[in-house]
Amino acid sequence: MITVIKEKCTGCGLCIKVCPFSAISKTSDNKVEIDLTKCNLCSACVSVCKFSAIVIERKEEEKDLSQYKNVWVFGEQKRGVIQPVVYELLGKGRELADNLGCELWTVLLGYKIKNRAQELIHRGADKVIVVEDPLLENFLDEPYTQVLVDLIQKYKPEILLAGATTIGRALISRVAVKVHAGLTADCTGLEIDPAKKILLQTRPAFGGNIMATIITPNHRPQMATVRHKVMKEAPVDSERKGEVEVLNYNGKLNSKTKLIDMIDEVGKTVNLAEADIIVSGGRGLGKAENFKIIEELAEVLGAAVGASRAAVDAGWISYAHQVGQTGRTVCPRLYIACGISGQIQHLVGMQSSDIIIAINKDPEAPIFKVADYGIVGDLFEIVPLLTTRFREVLKK
Amino acid sequence: MKIIVCIKQVPETTNVKIDSEKGTLIREGVDSIINPFDMYAIEEGLRIKERLGEGEVIVISMGPPQADQALREAISMGADSAVLITDRKLAGSDTWATSYTLSKAIQKIGNYSLVLCGKQAIDGDTAQVGPGISSWLDIPQVTYVKKIRQISKDKAVVERMTEEGFDVIETPLPALFTVVKEINEPRLPSLKGKLRARKVEIPVWGVNELGLEEEKIGLEGSPTRVVKIFTPPPREKGMILEGEPQKVVDSLVEKLKDVVIR
Amino acid sequence: MMDYLLTEEQQMLKELAHQIAEEKIRPVAKHHDETQEFPSEIMKILAQSDLFGVYIEEKYGGTGGGVLDLVLVTEELSRACGGIAICYAASALGTYPLILFGTEEQKQKYLPDLASGKKLAAFALTEPNAGSDASAIETKAEKKGDYYILNGRKQWITNGGEADVYVVIAMTDKSKGARGATAFILEKGMEGFEFGKKEDKLGIRASATRELLFDNCKVPKDNVLGREGMGFIVAMKTFDITRPGVAAQAVGIAQGALELALEYAHQRHQFGKPISSFQGIQFMLADMAAEIEAARALLYSVCRMIDSGNTNVAKESAMAKMYASDVCMKVTTNCLQIFGGYGYMKEYPIEKYFRDAKITQIYEGTNQIMREVIALGLIKELRKKK
């Protein structure tokens, strides 16, 4: 239940400004009141009130969760290759496990995959549980869910981390419901609360315009997915030793869905999620053929090609390249936006890039507000010059 | 063939700004829209119905009473009927409790072949409710569907978008799909649709109608809880490079070359 | 905005048309103007949104509205592009003869597809030697048994080549003068019915304007609309109802132009101020706004008059068309003037409105003929009193 403590409320109105659902309004006696039909209990107002005048009450439960131990990382693999996000999760996982004084385990599902287990141990895992079955060779929602749920119920981990990849998000959401666990997606921060020894999960909401810190006090495991390139990779220690346990399901797994084919779209210019550098084109390009200018710069930089929604909607480039609210969210080291005005729906997809460069002929373009370096100019002149100059500099 | 589409009414993000002095979120006006990804789900439901020459598209939404507007908008696009799931006790639900509630509504409607959801909601950005629902209903799921190659009464072949390209998956029905933008271009409402949407009765189901277990809903039923909301530190102000194009380019390349050379 | 006391349905209709105009038409208007490519995609969207049937009875698949509903849609679409809007409105020009004079069989046969937008219609009267003097048409229709054989050509037919259904006025008996023409329903694909070249126009370039060529075209006698000899009556009565459509196009174009000019005047700074702060510009904007509103008010009143069942509307209908199109030409000229040098450049959207405006003073009866109609109407009323 949410209530406004009238004696503490000064009518400053800060909560009104902050409410994303416009559920708060001023009363005639210069206090605020909350429209419960609109309130979503997101607690933005609670956080912002300087006078602690808004309170959300809930029943405090005491549950015995002591049997849940250890930090787990889901070892996502594709075609037998461990995905790089797993190393980042192990890096963070190690930190969390050391803080809690427990072990770091990895769960690896696949077929003829157990030789990969050592890699995970070298990256910091104390134990690797390998589950092998032909049906697990490539990701299928149901058998992967079944295995992970069984393992969780058997071994009772305290924390489970997975990559916020296409696979991770589909799988972990399904698992979380089955094991009645709390799941926080796309975490950018994971810490252990020193007093309560629980996981503090921080993530963006509203397209990254606000950050929320979330906990799962009474349910285990505490589950979180993390995007690639957000955490630091665990270093490799090839001397490290650990335990490997191999489990078999002996044909007891099944899947209603069947994987018929896996198709790669040619060229690394498509894989925005993995790219360290992205060069993006927007409405300013004018037509499909002009994406060539972007592709040339991308090639010299070894970058992926991105696009704004305007360019994709105009049919100049395929949706796989779209960056933004209804496209992909990226955070490369370097993002170069050419002829992109910087509408908020695009910004939410790339504003956490390390360095942002903007090239646009309109000095008022919103993109310049997030750019570290901006050039007000004609992209048809600037971009080819950049390509030539980078080519010179990088050859040397 | 019964197709159930789950939609959410969300605040329009364009209006959300940061007050850099106070470090708070500012919203101008109360524009609520159907979550953009859900528009693709509604459209796909309508297209499947047209493709098969028969079917029924039922739209459901869990939210505050004003979500009724979003449901009527879906009907004006051509959905056959809608159900609003609302109850004060549902406020504060996280994705676990939300997917539970929606799955109970879907079960109450019953006899469905397909559940469609948008990839994620633009306010929560979790993408968890879709897979959560399929978990509760114990039906197969395919997320990030970018194309439905074939569909019939009891099975479908779809393309699931991956980081590298896409997978082709065959699934029996009933199943749940979450869809991405590439799958279609949503239609505008039709006049007959708008007229119907104005008059149609939308049943309201709450905790009692759905027989929901109280410890699984709302704030109390949610395993996760928000303890803090804050605005991220703003990016440091950047600089505009000025001058003759070649000079500007040279200067920029000089600044970036260490970043680019790995 | 002036309140015209529209019904809730009409308000909904206007909003829907506005949404389509802004989201779908505006982004492609320039492309269709440059290439003269027919906007089939937009026609599909209008069809899917049930807009083709707004003036057609529900029993034929329409939504049972009237001329005012047609006008509301045409006006909103014209704000974004007069050329694309007329593709929609001209179909009504080819459909109204069927509504007014069709037998039940003819209505059942043709109206449902026209109401759903599955098919488009067109109206064909004009010929190289018969513009304002419609009685000078030379296309002949000779009765032979159960058929009429058509020979001749029509010129400058809007939707020519794109439409499936054509109402064609041809001479069946030259000796009978004004009672010598007959209206026929033709369909694309009929033997002996071909299309000539597509015209390269100054404005409304998205609209397809073609010649219709009849070479011993066999038309079944069941396709006579009304009765033999009623051809010109069919045409005149149809125009009385569809002239408001042209007026709507004119009001829409004028409104669209005014909005662009207002925005520009607000942004353009000269002498240290936005030009909208200069009285010269302000007076222009004021005059234009009042004139457009007057044209709109006259138009809506005429529509209400027609929708109430009044058939004696020739004079009023001509007034609405004449006034709105003259206002449109004046407004678009002045709006271009406000844009100054930029107004003359194709890169800016206003010159298109200027080009599109002109035709509204010419087609469906030139404004000179409109003045004749009005004057004759006044004199007739005077005589009646005496």
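In this document, chain identifiers A, B and C correspond to the written order of the chains, with residue numbering beginning at 1 in each.
One rule holds in what follows: a residue touches a chain if its C-beta (ideal position, glycine included) is under 8 Å from a C-beta of that chain, and two chains touch if they have at least 3 such contacts.
From a predicted model like this one, the values you see are computed outputs, not experimental measurements.
Asker: Is the way these chains touch best called a line, a ring, a star, complete, or other?
Answerer: line
Asker: Where centres are the averaged C-alpha coordinates, which chain has the largest centre distance to subunit C?
Answerer: A
Asker: Return the chain label for which the distance between chain Cα mean and whole-protein Cα mean is smallest.
Answerer: Of all chains shown, the one whose C-alpha centre lies nearest the global C-alpha mean is B.
Asker: Quick check: which two chains are joined by the most contacting C-beta pairs?
Answerer: A-B
Asker: In whole angstrom, what separates the CA-based centres of subunit A and subunit B?
Answerer: Using C-alpha averages as centres, the distance is 17 Å.
Asker: Go ahead and note the Å separation of the Cα centroids belonging to subunit A and subunit C.
Answerer: Centres of subunit A and subunit C (C-alpha means) sit 55 Å apart.
Asker: How many angstrom lie between the centres of subunit B and subunit C, each centre taken as the mean Cα position?
Answerer: 42
Asker: Two-or-more-chain contact residues of subunit A, please, as numbers and ranges.
Answerer: Residues of subunit A never touch two or more of the other chains.
Asker: List the residues on subunit B that touch subunit C in their complex, please.
Answerer: The contact residues of subunit B facing subunit C are 187-195, 198.
Asker: Taking the touch rule as given, give the residues of subunit C at its contact with subunit B in the complex, in rising order.
Answerer: Per the stated touch rule, the residues are 8-9, 12-13, 16, 19-20, 23-24, 45, 48-51, 54, 63.
Asker: Would you tell me which residues of subunit A are touching subunit B in their complex?
Answerer: Listed in rising order, the residues of subunit A that touch subunit B are 14, 17-22, 36-44, 46-48, 56, 58-59, 78, 138, 141-142, 145, 165-166, 169-171, 173-178, 180-186, 200-201, 204-219, 255-265, 270-271, 273-274, 276-277, 301, 318-320, 322, 325-327, 333-334, 343-345, 348, 351, 354-357, 363, 368, 370-377, 381-382, 385-386, 389-390, 393-394.
Asker: Where on subunit B does subunit A make contact in their complex?
Answerer: Listed in rising order, the residues of subunit B that touch subunit A are 11, 13-14, 16-19, 22, 24-27, 29-30, 36-37, 64-66, 88, 91-92, 94-96, 99-100, 122-132, 134-136, 140-144, 146, 157, 160-172, 175, 180-182, 219-220, 222-232, 235-236, 238-242, 245-246, 248-250, 252-253, 255-257, 259-262.
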